[in-house]
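The data blocks that follow each hold one structure.
The two complexes that follow have chain A in common; it is paired with chain B in the first and with chain C in the second.
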Partner chain A sequence: MTTDYNNILSRLCFHLKQLASPDVVIVPETDLINELAIDSVKLLSLVMEIEDEFDISVPLNVLADVQTVHDLANLIQHIKSTKQ
Partner chain B sequence: MTSTINLEGKTLSSTITKLNAPLTQAFDSQLSSELPLAAAPTPTTCNIQAQRLADFNTLTDALEYAASGSTGFNFYDAKGNLRSVLPYRALRQNALISARRLAGLGLARGDRVALIADTTPEFVELFFACRYAGLVPFAMPVPVNLGSHVVYVQQLRGILEGSKASVALANVDYINFLREAAEGVQGLQWVGTPEELGNLPALDVTPQPNHPDEIAYLQFTSGSTRAPRGVIITERALMSNLQGIVRSGLEIRPGDRCASWLPFYHDMGLVGMVMAPMVAQVSVDYLATRDFAIRPLQWLKLISRNRSTVAFSQPFGLKLCTLRVRDSDLEDLDLSCWRAAGVGAEMIRPDTLRNFAEKFAPAGFDARAFLPCYGLAESTLAVTFSKVGEGFKSLQIDAGMLVDRKMAVRLQAEGRKYNEFVNCGRALPGHTVKVVDDAGQEVSDLKLGSVLVNGSSIMTGYFNNPEDTRKTLRPGHWLDTGDLGFLFEGDLYVTGRRIDVIIVNGRNIRAQDIEELAEQQPEVRTREASAFGITDANDATTIVLVIECRLTSVTDRQSLTSRLQRLVYMAFGVNCLVELVPPHTLPRTSSGKLSRFAARQGFIQRTNLTDHQLSVESGDK
Partner chain C sequence: MSLLDKLDAVAAARKALLPEGIDVFGMPIEEVYSATEARVGDRRILFLGTNNYLGLTFAPECLKAAHEALDKEGTGTTGSRMANGSYSGHRALEREFAEFYHCHSGIVFTTGYQANLAMISGLAGAGDVVLIDGDSHASIYDGCRLSGAEIIRFRHNDVADMEKRLRRLGERSKSTLIVAEGIYSMLGDQAPLAEIVRVKNAYNSILLLDEAHSLGVLGKTGQGLVEETGLIDGVDFITGTFSKSLGSIGGYCVSNHPQLDQLRYISRPYIFTASPSPATIASARAALRLLRDGTELRRQLWQNSRQLYARLDALGYQLGPQPGPVIANILDSPQQALMLWKGLLDHGIYVNLILPPAAPEGKALVRCSVSAAHTSEQMDHVGNVFAELRKSIFQ
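The block that comes next holds the complex of A and B.
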């Protein structure tokens, strides 16, 4: 479970780095809104990349409870595990 | 003719499809291969009935007629698979069954029913079920932003209270938000999912016919967190607008087919792409808004594959297509069937259209299909349409003259700064558009002023809100649209919103809502926050929030700034720039009200923004 999470986290961070400014250090506690400035347009690209990378579908209703990188990684893990 | 569908390699023959099955979108069943695929969408042309173009008294009359044919609604998933088929015949049947269940709840005629409007067959069925049961339905939005839980629930609660709803429904994805919002709301008698409604006993009653003067639905205008406004539209106003849209606007004819990703909780999605096709017995292919936004190519693929002729978008949607569709995707697209590419719902920039046309010309898109139009929920949907099949036309206007003299002067010499405005066409039959100055006097051609509309599709007013109704409906039932523009040779050119609305990425955000959000913070007093938009030369709009602030500690100031940014993001999904200024910096009018226009000017001076960095905001007064 933990390796799975860490694996998801590192793949996710790779995608987040493309959207953030180069000097931002991304850790699980990083706030997607305040620190990475993911606006609604960036969010669309991010969801597409996540869906392609992890082969999942991210429903909109669950994003309402996502604020940090950790929340998002958790969500991806949850969707992946319920899929199997 | 039945369209041939390629269900991406899936064999059709042996697929036993449960038609009209609810879209299972629950968390644990995301695996698309497990979901049933529908065999084939409803046909484009119905051979067994004559096409009637919105010559009905009421919505249910129109559905009764549409149900005698074979056309209807089709729902596609993010990968372009057909998930659900809802012929008008089945829509009528299912709506009648749900209407009997709603009747069992013992509501009075005209009671309101709130529906969270995801792009699903159930939403449409429930909407029409309400009309069969003599109830007034209205659509509520779905949450779209990261971390928006609290704000979304607040927004739902505001709408439930404002509408005095008796019943509220949401599918499993959203029911928890709805229950949370419904807690303690007075007068709300029943909250549940469509499945739960399905478990209720159905009363054996015959639906009473609706009257044209009855309310058909409410349309809540988007963006606002407090005091949401519900536009009241009667059956008569609705049918008049639909008639204008399908006859004069689109010139609907046999062989037409629509494709839409527009949300059902917006007027353009609901009136334009659910009701208008239905009252003309036209088939529609739907893609959920979320799926379009993430993969805009899917919408174009639907148009290409099912040979759609009519599809609408706001300019922002066209921009997404231009930006996100890869050149390699163009080979598989054939958009030559698309005869009416409606564009509306926000200011149309000619470059957005040009870029789209250039990008998709290799895929057969014909720029003559562009159909700019103008409208608003307060006039049901449509006010003006340009001429179908003629593409978009525009005027280049001297920017300086427009700002200084409120005159649209056509560009005479090269090198002068100009704005280009798109011709939105003329008013639908039975409607009049006029432009007035600040004193309410009608102005001549090419003079800039407020756009007013009069006619048979204008709302009755805002539900339970006489104050806003009075502000918006002027004597003689002239609707103040809140837009600025000018007329030229009978055609309307919209130049911008009055400054109380900021448009970011195609979404209308009321400046007042942002200011109220700020004023809810303990550090911010009322009338000490001012919000406005700044648009740069690349046409990107940033929201600026200027706060008069007494805090001195750097940490406190930083804390306020980031909290405000976060709140604005959660409520509206956009980033904003927060500037803290000393008290008494913000300019006030003689009555003590803040002037957003002056606040904006002050901000531009303080930050030394030059003309180069700004696009001319001709909408400002």
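The block that comes next holds the complex of A and C.
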């Protein structure tokens, strides 16, 4: 369970680094919108990348609640675990 | 942040982006001269950003029908379709739409926006899934939200991506509503309908196709993409609007599923709003006949569209992937788009400006909409203005 979460978190950070400026440090508490300046359009394309990587679909409905990197990692883990 | 502070933030964001002194959004039109010309301030402008694809807004048959209905039935129905708002014209138009598509039945709604809201929220609910194209119109997104169903997007016009998502749903694909558009409102490209239908059948899902921009534009009699591709039997529900090629206002859905009629009793956007005014319905009925017989109008529309698309393409503008009456110029920044939009207006040409987040993938669009009522000379003139502006915008 935790290794799964940690794995998701590190993959997520990898994707986020491509979008954020190089000097930002990304931790679970990092706020996607306010700190990484990821707008809704960028967030949706990021989610599409992640969906392919983990072979899941993230419903738009639940994405609205995502604020931090941790929220997103948690959500992905939840969707992955309910799928199996 | 207080409720009103949020609106102040909206105002500040707009002010930072848009120049002072011109109404980029909601430009005041003082006088309308024809389907393609109007007065803004003290200048005459060419409309190249309306959805008047067949140019029917001043068709004598439509004007006459609207006048007669106005005199006979008054200015409004003042009631819902479910109460006192179903006049003989509303019911006749429903039959005429069903006949036009050779379908079992049709429903008329007050707008196309509401048609999508009503259909999506009437078909799907909590526990179901709606699978929609990423570039879908706002009415489709809003219909999905209203439905309470799980909303999943697939990459624009990417059927492999759509299929992947159906596979991930497993058994739930059977309670999934797929939504696509005949011609997409932003980039003007068409849905790969044959592929979509094949996949939808394989996964036993239901398909709704919004023909808002393709009604009157595609197919021999103007049914839309379903007729152009001969795939009407593969589509479960077709929605559309009167506000584009029919030059009126209202929306419709047709289907061969007899269950369609039940939506009249459960669909809130159908029930809790007044029905279209008698004159609106009458002009839409007259326009539908002109549209069906409008082979010549479609020929002219496509000739104009191809002419302008080819010219802008040759000039090096980045365009949507497919020629058609919606010609989207894709620009890298809102500033560039604004310059082009303003330059066109200064030359008396009105087009649509679409800025992020409304434009796909964070780009900005300057979108032209071509009409059958435009002349080849007007298309030439527009091309010349685009040629002139190119130098200053991409210097």
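List of remarks:
Convention: the second predicted complex is superposed on the first by the 84 of 84 C-alpha atoms of A that agree within 3 Å, B and C clash if a C-alpha of one lies under 4 Å from a C-alpha of the other, contacts with A are read in each partner's own complex, and residues count from 1 in each chain.
The rule is short, and it goes like this: a contact is a pair of C-beta atoms (placed from the backbone, for glycine too) under 8 Å apart; a residue touches a chain by one contact, two chains touch by 3 or more.
Everything numeric here is computed off the predicted structure, so don't read it as measured data.
Once the complexes are laid over each other on chain A, chain B and chain C cannot both fit and instead clash.
Counting the residues of chain A that each partner touches, chain B and chain C differ, and the larger count belongs to B.
Of the two partner chains placed by the overlay, chain B and chain C both lie in contact with A:60.
Contacts of A:48 after superposition on the shared chain: both chain B and chain C are touched. When both complexes are overlaid on chain A, the residue A:40 reaches chain B and chain C alike. Touch criterion not met for A:25: it reaches neither chain B nor chain C. Once the two complexes are laid over each other on the shared chain, residue contacts for A:82 go to chain B alone; chain C is not touched. In the three-chain model built by superposing on chain A, chain C overlaps with chain B at stretch 27-35, while the rest of 27-35, 459-467 or 603-611 show no clash. The residues of chain A shared by its contacts with chain B and with chain C are 39-41, 44, 48, 56-57, 59-61, 83.
Of all residues in chain B, only 25, 27-28, 30-32, 78, 142-149, 152, 173-174, 177, 290, 293-295, 320, 505, 507, 562, 565-566, 569-570, 573-575 touch chain A in the complex they form.
Residues 134, 144-145, 150-153, 155, 164-165, 168-169, 356-357, 361-362 of chain C touch chain A in their complex. Touching chain C in their complex are the following residues of chain A: 39-42, 44-45, 48, 52, 55-61, 83. Per the touch definition, chain A reaches chain B in the complex via residues 31-34, 37-41, 43-44, 47-48, 51, 56-57, 59-67, 79, 82-83.
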